[in-house]
Amino acid sequence: MTTPEPSTSRPPLWRDVRVLRVAGQVAAVVVVFLILQWLIGNLVTNYGRLNISFDFGFLNQPTQFQIANHPQFNPRSPVWRMVLVGVKNTALAGVFGIALAGVLGLIIGIGRLSQNWLAAKLSAAYVEFFRNIPPLVVIVFFAFAVFLYGPLPNLRQAIEIPLFGTGRTALILSNAEWGVPGMRSTGNLLAFGVSALVAVVAAAVVWRWRTRLNERSGEPHHRVLWSLGVLLAILVVSYVALGGPLVIDWPQLSENRRRIASGFSINSGFMSVAGALGLYTASHVAEIIRGSILAVPWGQTEASFALALTNFQRYRFVVLPQAMRIAVPPLINQALNLIKNTSLAAAVGYAEITTLTQTSIGNGRPAVQSVVILMVVYLGFSLLVSLILNIVNRRLQLVTR
Amino acid sequence: MTASTLEPSPVQAPVGGPLTWVRSRLFPNLRSSILTVLLTPLLAYALYRAVLFFFVNGRWDVVTRNLTLFMQGTYPRDQQWRIVTQIIVLAFAFGVGAATSAASQVDAAREAGLPVVKQGFLSVLKRFWSVIAFVLLLLYFANTATPWLVMGGAIAAFALGSLARFIPRRFRSVGWTLSVLALVAAFQVVAGTVGYSWMITAVVLAAGAWSAFKFEGVEGRRAVVYRGLAAVAAAVVTYLVYMQLVFPGVGWDHWSGLHLTLWVSAFAIVLSFPLGLILALARRSSFPVLRWLATGYIELIRGVPLITLLFMGQYILGFMLPQGTDPSSITRAITAMALFTAAYVAEIVRGGLQSIPHGQTEAALALGLPTGKMMRMIILPQALRAVIPALVGQFISIFKDSSLLEIIAIDEFLGVRSLVHAQADFRVVAHAETLVFVAIGYWAFAYAMSRESQRLEVRLRAGRK
Amino acid sequence: MQRKLLALLTVLAVMAVACTTGDPSADTVPATDTGTETTPAETTPDTGDTETTGTTEPAVLPQDEGGILAAVQDRGQVRCGVNDVLPGFGIVDENGEYSGFDIDFCRAVAAGVLGDPEAVEFVPLTAEARFTALQGGEIDVLIRNTTWTATRDGQEGATFLHTTFYDGQGMMVPASTGFTTLEDLADATICVLQGTTTELNLTAVFNARGIPFNPMTHADNETLQPAYESGQCEAWTSDVSQLTAFKASIEEAGGEEQYIMAEVFSKEPLGPAVPDGDSAWAQAVDWSVLATITAWEFGLTSENIGSYDGDDPNILNFLGADGFDPGLGLDPEFNVRIIESVGNYQEIFERHLAPIGLELEGSPNDLWTNGGLMYSPPYR
């Protein structure tokens, strides 16, 4: 039986898949490139007509406006310093918002599965309410409810909660700023910082030692107690030795009762943004956690009932660890969303990077470069948060064979 | 010996009424009781304050007097008949669409041998209760008769449209085409038929003709040619008709209020879907260049907030186009929103594509299906069905994000508040009332959409074995 | 593997070729069936010493050919950039109608150029977007309480015309505080709108005098005013015209009495602006605005302009009698149409700014014969 000869002639060029593949990709690139070139060419031409430059030299010019709640910011500082202030504020609001959203979301997500009818219904109402209104509305709502029409007095008549016994104030509450205790350095700060670093490293070493000891001999490791003990011991010794480099700075109103002169002041814009976005994102987090808890196989719960674990033990040791594995990727998404939502802070006057960019464009800075910087900042945040949480995700993943 | 028969004890109905329920639900154990005791006064206080705000102290005349402003913004009042007509035509479109989809579901259930569940009128009410409640609220605030007449007209149009369920199965696609056509007509009534609008209708009619005329008797390529001819004929007829009837309207640059919010969201959704689909396919394509381009675009857009894209549209897009072509603010905003949503849609669809077992692709290749047919008939239908809930979630998100247009001075539903509070009577009062009203409006629509998405999710999951 | 290499090399080659011969001018001819009906013609480059990076002729502009005036007349509508949330100057009432001081001047321009005060399209703009809209051609004229500054004339590509309102920046505090000077506000939180010259001026003045302060910026008045009333900020700085309007509103609604400090700490001459490079359009708008001042000086109002029967040659010229036409490209009777439709400057002021508490007499906005600054060049 003769097998037919394989044909050795190539199909015509216009039908040859290999050629088409290459040609198709080349064509796609050329098309995209031409479009971009047209757009950017127009941009260059139009900007040239109006005598606006393309470089980033404006970053070295003075900012010319004062940034809210940053008394140490000099309006003559260059614009790139303003950008850094904006980035810092965005990061702060993002971190606190994520923390609040995480904690609140966890509570509400678990509350929704509670046996208590009131808790379950209230959690459900909370989630359904906050998930369905725009974040901008939540931010303005929060600012109105808590600060503008809320129970707090203005700064001149602020509530000062005293610290028992001493003449100091523990907390200052007003509708514009809150004063909380901060830390102040009295010298030797660098040395203390170094010793703190040493303490942390020592604690980590002790942790590993106790864990290895446990693995080898089966003794209870008590590693938390050991590490904490070592950490505290080194910190206390260095604190005393350096003569108390850090002291608590109690909050105090200034002479004219117009600003918080010492301690750490939190402004209402920050609290509105972080609080409101925390509340808003918590509703999404609650749904994700509820979904992930429900996704844990029911057999796990049944087994924990059979072992007579308490509710708390069941959640802490069986359900939540497995649920977190499922929940981490969508939670990463929510964290990113929160950071992106801080761009809405212009409504409450919180000076994060988008608000500052809007102000500087309004004052004549070139729009293209400013918006490009803005996008780069947010891309940076996205990348950072994705990286961190992806590491967390990978640690939590099951090792499958 | 008499065998003692074990009689099963009669089933006892659960004893105790409300008291048992209270005990088991609210005070089952100590911790739960403490929770109840803590939560109840808070709840009572919140309810008390809410009642005070809504019924006693609230200055709701701000909404009553500015209701038209909230609904249609600065739309010229003498052209209001267009909006009224649009609402009625939209109600008709929804009636036809709902009836056709219900009929298709019944057919599919019958074919699959599953029980046929009829959707009663009451169940529809229950599904969309939030929207209905919001409309009733609007009627309560209205101080003219027009809204009531419009409601009556809309209900009548919806009922008329739902007669479409009697269309026989062969012509079901006529129902869909009619529904989409009515949607387009509603848009045209408000915006006018000048300019490029004939193209939209032409495309819709061509697609409708293509799907309606199946030419099943004719074989292979000739059927395709005939169908193509039918589509082209439909497009040409549309063009000729439009050239005859010159119907000026009010372009979308002049729209504002809730009207604008709804249409902007609709456009962003409709425009983002095909683009997102293309991006998702490009991201999984075997051409490395396409993959890189698509991935680069998606990661770039997903990493930045929508407001930066709106800024780009506002400040930069005008310079990127040659002089003389100056798209209006709203065109730019819709473009930015569509490009933004497309990246998210692409990710969702990609997830759906990944969830299809690879065996499907292998089977299709084994059958000799070319890639196009394989995608169209096997992969995409399954993938899209799987991700419909996630897509609806994304669409809810873009509906809420339309509130960001307020930041670039487009007066959509949230932005109308600025207009209201610049008026002399409301400069310093009633800020909270307008905010609550706007929040209720957004909530009503978003809640209805999210319940629909949950229903779809349950139905799709139940459909799978 | 070879294919991929081939693809990559081709791509690189194409990009290299494109980069070295990039010629955007080939792609910048505007389409003729959008927006303005301008024929694409070859034009001379606009501002002389611009350094366009890359190659080529600038794009075709309406102001370079036939001009904005011709484009507006063709279109039959003036596109006016306005504010829609500023009491007295540009607001929207519950019927969706625009009204205000600046709005009336938009209508005056429309009446002058097109003969119909309703042939205006109002484009509401934010403070940040207004100059990009003007430069980009989205609007023909910007009448949006915009201050005339050197930077805006130069860098922002605008040309400012005759000032319609001489304003200044002031500071408002609750009267009960007893503050009277800026020094009383050391360390205070001061509410200010974001993205306007108000912020810059505030910083400049306070820094020059060495007074520390804390600004609280808001995106719009609708969140700023509750913040001020709740005491979050102790003072509110804005243009005096705005402070007057809000003072009146707060006091009428039963709030605390307000005090606007006597010190006015910047000059804010507000007026219309047009894009650079089209003098015919600039003059058309300018003389339309000036018509209101000239009519005021002559004592002509919307009521009596139809019935003038005197011999004053200046007034006769103004009315376009005997066909007097100074060659501005407008109808000889354009002044009459403007005054008939919106009235003279005093009428416009009284209609919109008197209700918010501003006085015409004795202010810089009074006529020059009464000691104010409103002075129009002779119409001859």
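All chains are identified by letter, namely A, B and C, in their written order; residue positions are counted from 1 within each chain.
One rule holds for everything that comes next: contacts are C-beta pairs under 8 Å (C-beta built on N, C-alpha and C of every residue); 3 or more make two chains touch, one makes a residue touch a chain.
Since the structure is predicted, the reported quantities are computational estimates derived from the model, not experimental observations.
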item	value
Overall pattern in which the protein chains touch one another (line/ring/star/complete/other)	complete
Chain-chain pair with the highest tally of contacting C-beta pairs	A-C
Centroid spacing, where centroids are CA-atom means, of chain A and chain C in whole angstrom	41
Whole-Å separation of chain centres (CA-atom averages), chain A against chain B	31
Two or more partner chains touched - positions in chain B	288-289, 315, 319, 322-323, 407, 431
Residues of chain A whose C-beta touches two or more other chains	21, 25, 29, 40, 42, 46, 140, 144, 149, 346, 358, 361, 367
Residue numbers of chain C (touch at least two other chains)	7, 11, 27-28, 59, 61, 126, 128, 132, 136, 219, 226
Touching residues (chain side chain C, partner chain B) in the complex	4, 7, 11, 27-31, 34-36, 38, 59-62, 84-87, 91-98, 121-126, 128-129, 132-133, 136-138, 219-222, 225-226, 229, 245-246, 249-250, 253, 255, 355-356
In the complex, chain A residues that touch chain C	18, 21-22, 25-26, 29-30, 33-34, 37-38, 40-42, 44-46, 48-52, 54, 64-69, 71, 75, 140, 143-144, 147-149, 153-156, 175-176, 254, 256, 258-259, 268-269, 346-349, 351, 355, 358-359, 361-364, 367
List of chain A residues in touch with chain B within their complex	21, 24-25, 28-29, 32, 39-40, 42-43, 46-47, 114-119, 122, 128-129, 131-137, 140-141, 144, 149, 336, 340-341, 343-344, 346, 354, 357-358, 361, 367-368, 371, 374-375, 378-379, 382-383
Chain C-facing residues of chain B, complex	65-66, 68-69, 72-77, 253-254, 288-289, 314-315, 318-319, 322-326, 328-329, 407-409, 411, 417-424, 427-429, 431
Touching residues on chain B, where the partner in the complex is chain A	25-26, 28, 32, 35-36, 39-40, 43, 286-290, 293, 300, 302-308, 311-312, 315-316, 319-323, 396, 400-401, 403-404, 406-407, 414, 431-432, 435, 438-439, 442-443, 446-447, 450
